[in-house]
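Chain IDs A, B and C follow the sequence of writing; residue 1 opens each chain.
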Amino acid sequence: MKETTTYFKKHPWIGFVIFGIVLAMVPQMAAWGLFKQGYITTIGGTLIYAIAALGLNILLGYSGLISLGTAGFMGLATYISAYLTMDLKLPFEVAMILAILIPTLVGILVGLVSLKIEGLYLAIATLAVSEVLRKTFEELDQFTNGFSGKSASYPLLLGRFQLDKTSTYYLIVVVLVIIMIIVSNLMNGKLGRALNAMRGSEAAAQAMGVNLLTHRLIAFALATMFASVAGVLYVHFIKFSYPSSWILKLSLDFLAMIVIGGLRSIYGTVLGAFIVFALPDLFLKQIPYFENLSYVLNGLLIILVIIFYPNGLISIGHDIKRLFAKLKRGGKTNELET
Amino acid sequence: MSSKLDMPEELTLKVEGLSIAFGGLKAVDNLTFEIKKNEIFGLIGPNGAGKTTVFNCITQFYKPNHGTLLFRGHGDEVTDLTTRPVHDIIKHGLVRTFQNVELIRELSIIDNVLIGGHIDYKTTTLSQALQFPKARAEEKKYRAQAENILENLGILDRKDMLAGGQPYGILKKVEMARTLMARPKLIILDEPAAGLNDIETLELAKMIRKIRDTFDCAILLVEHDMRLVMDICDRICAINFGKLLTIGTPKEIQSNQAVQTAYLGVD
Amino acid sequence: MATFLQIILRSLETGSIYALAALGIIIIYRTSNTTNFAQGAVAMFNTFVVTYLFNRFGFPLWLAVMGGIMSAIVTGFLIDVLILRHTKKVSPVAKQIITLGLIMIVVGMAPIFFGVDPLRLPRLIDSGDLNFFGASISYNGLFNISLGLAIMLLLFYVLQRTKWGLAVRTTASNEYVARLMGVPTKTVTMAAWGIAGILGVIAGVMTAPMTSVTLNLMDEVQITALVACVLGGFQTFHGPVIGAYIMGIARNLLLFYVSSVWGGQILYILILIFIVFRPYGLIGKKVIKKV
């Protein structure tokens, strides 16, 4: 048993692929009547949010920087992709690349301004930028259709394969698994160590050759990139984008996902997305004021988790394992445990 | 430009006229000293003498107001350190340790050591993201190097344990391992004996000598513990109020009047 | 000329609101070492309290405001005692996240307590205008400006001239050393949160009559206050206040002369560009970290 767990630890991508296979079974479960059809939309949406949240985790969890602009950049990507595919009739792949590239470039510009000084400035700068973006979505209606919202359709891959709801869901799962693998590869290697060093001790990081500005920019660029990917998937899955979606509340929800689920944890991020988004949407809709209550609950959870359980709820599994191991050994602590 | 970078062959660091002031207060005043290759060089002075400021200036955490800092690093190349940004210093072969042992609690010991190898990695981020063969091979190579160093210091068995929660003595060794990953030409030790008892200090002395011999580097020892300093240093520089008192061998320092006065009452 | 004067006068009023909010942020920043992102949300909540007392319970306006101030003090104390006290081991970034979580709690609770319909809060001084070289300003506006200035002058006086002010400044400078020297830092931080709450609700009560009392009431003030701290620098108490007035004036000038739609956003972008050249703000100084 121990050899298998070590093998999984050494090759995390296997776990992610298996996870993806499980997720891919959802439409089939719905077809068999075990899930309602609406579950596909909810879970698909949750996975999309998880992609954006993974980006934010690189920025906050590993690098210790707060961004309040995740929703704004995600929204920007939705409008760009929708406009390019619907109005300019560009192929999906081209639209996708541009919808990822442009917000990332904007993100890098914002990063260049705010990351030179202190991490704190990024939070305020992204707050201001997301406000500018929100106004843009409302006012620039030749591109965004203003308050009426912009519509898009399911992706048309390689000019030939028209996807529907279920196949777009599969696309989302594939993208999520790829991103989980990439994040795992990066964060377990040189970049992850550098970002951790930056977060843990700027002085030590610099003494070890880590250029703070460059690495802050890389983290922020990755976060914006993933938010953009999420945006593209969103608008071609939900098929609509409204300015009222891309507000501070959503950026705070992303924060909640990674704090509650687990900073610096990939599975934790997905867990957090389920807790913050899927749970209320699937099970709590009946309770009056459920949206407000879940907002209060998420805020409360953030505070409680940060103070009492800083590694997030994902580490509950880890702690249960350790508890069992301790009980097996009769209560003696084993120092060599990680 | 190249004539300014002239330094005798046997020197590894040349500090000349180093000065820095904070808000009108001169923390370091016109300090000059030299460190030879493979030398164990001590920097001593009472509390507040400016020792920390001196090596923060050398490592470019502070930008000095005046002075030249010539350093002979990798490939015998001479650099003027004042022209480099702080994160570039290690590239030339100058590494420092931290009195507060700034390790990353959430990372394993070997990951902490690998941070020391950060500058050596050559593969691109994309290649690492997709784990191309070159990236995998590179990671393997540096991991082996890190394990080697940990074994040298006797703590290989702890390599996968988290740094947070380790005993202080272990942490100091991990930090030393991290420093050695960069194959330094000059190591600045920031009060390495702080918090160690007599036996641990003796072990530290042995380790420092071993490192100097095995890794072919010079060591600048900034320290309070006089026994350690007198024991292992080849030469010592004593400062007070940011100014040079004297430079000499341990014997010469011990009998120096100015040093005695400055240290009256301090061990 | 008269229009320009008009704009300036109006800006002094909005500038006062921004300044009060910015003061609330900087007081907490310098005593608890936390950036309170929830300043605006809590202020919104307490303004709802005022509006509720006035509308549903028929309190006279001044009494309702007193009620809001009481509520602000209580909420401030609760936040400090229930939450911030337990954050000794928590990093500054995590503390900011806590205030972000606070936003979620407050914004989530407000509709449950106060309903979802927008409410109206009247001006403190109902009507009447003063004529000033062809420009007019309402008595209410004059009152707001004067009240704002009075509060700020009072705070600055207390900070610079009294024992309590010294305690605050010492805690702000170095909490650990202040505690060692016998400064009651726990009381100082609690008082700071209470004062920040009061500043917030006053800013809210001044803002409310211009629009209506909704969840988004203080959103714009909050962002502006934070940017004002960036503009004025986080190292002093007066820097953000100056930054706030500058932003108030610049915003109205931009709205009127450049774009009535994009004025506010242009201001944010301009300040972000300004930061490139003056990273530590108009007045701020670079903090040299000890290594």
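One rule holds for everything that comes next: a residue touches a chain if its C-beta (ideal position, glycine included) is under 8 Å from a C-beta of that chain, and two chains touch if they have at least 3 such contacts.
Quantities reported herein were computed from a predicted structural model and do not represent experimental measurements.
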Farthest-lying chain, centroid of Cα atoms versus that of subunit B: C
Pair of chains whose C-beta contact count is the highest in the structure: A-C
Centre-to-centre distance between subunit C and subunit B (centres being mean Cα positions), rounded to whole Å: 47
Whole-Å separation of chain centres (CA-atom averages), subunit A against subunit C: 32
Interchain centroid distance [CA atoms averaged], subunit A/subunit B, Å: 40
Contacts with 2+ other chains: residues of subunit C: 291
Residue list for subunit B, restricted to those that touch at least two other chains: 61, 98
Sites on subunit A at which at least two other chains make contact: 203
Footprint of subunit B on subunit A - complex, ascending: 182, 185-186, 189-191, 193-194, 196-197, 199-201, 203-212, 218, 264, 335-338
Subunit C-touching residues of subunit A, taken from the complex the two chains share: 60, 64-66, 68, 110, 112-114, 116-117, 119-121, 123-125, 127-129, 131-132, 135-136, 139, 202-203, 248-249, 252, 255-256, 259, 289, 292-303, 306-307, 310
Touch list for subunit B against partner subunit A, complex: 59, 61, 85-91, 95-96, 98, 102-108, 111, 114-116, 118-119, 121, 125, 128-131, 135, 139, 157-158, 160-162, 178, 182
Subunit A partner contacts - residues on subunit C that touch it in the complex: 35, 37, 83, 86-87, 90-91, 93-94, 96-98, 100-109, 111-112, 219, 223, 226-227, 229-230, 234, 261-262, 264-265, 268-269, 271-273, 275-276, 279-280, 289, 291
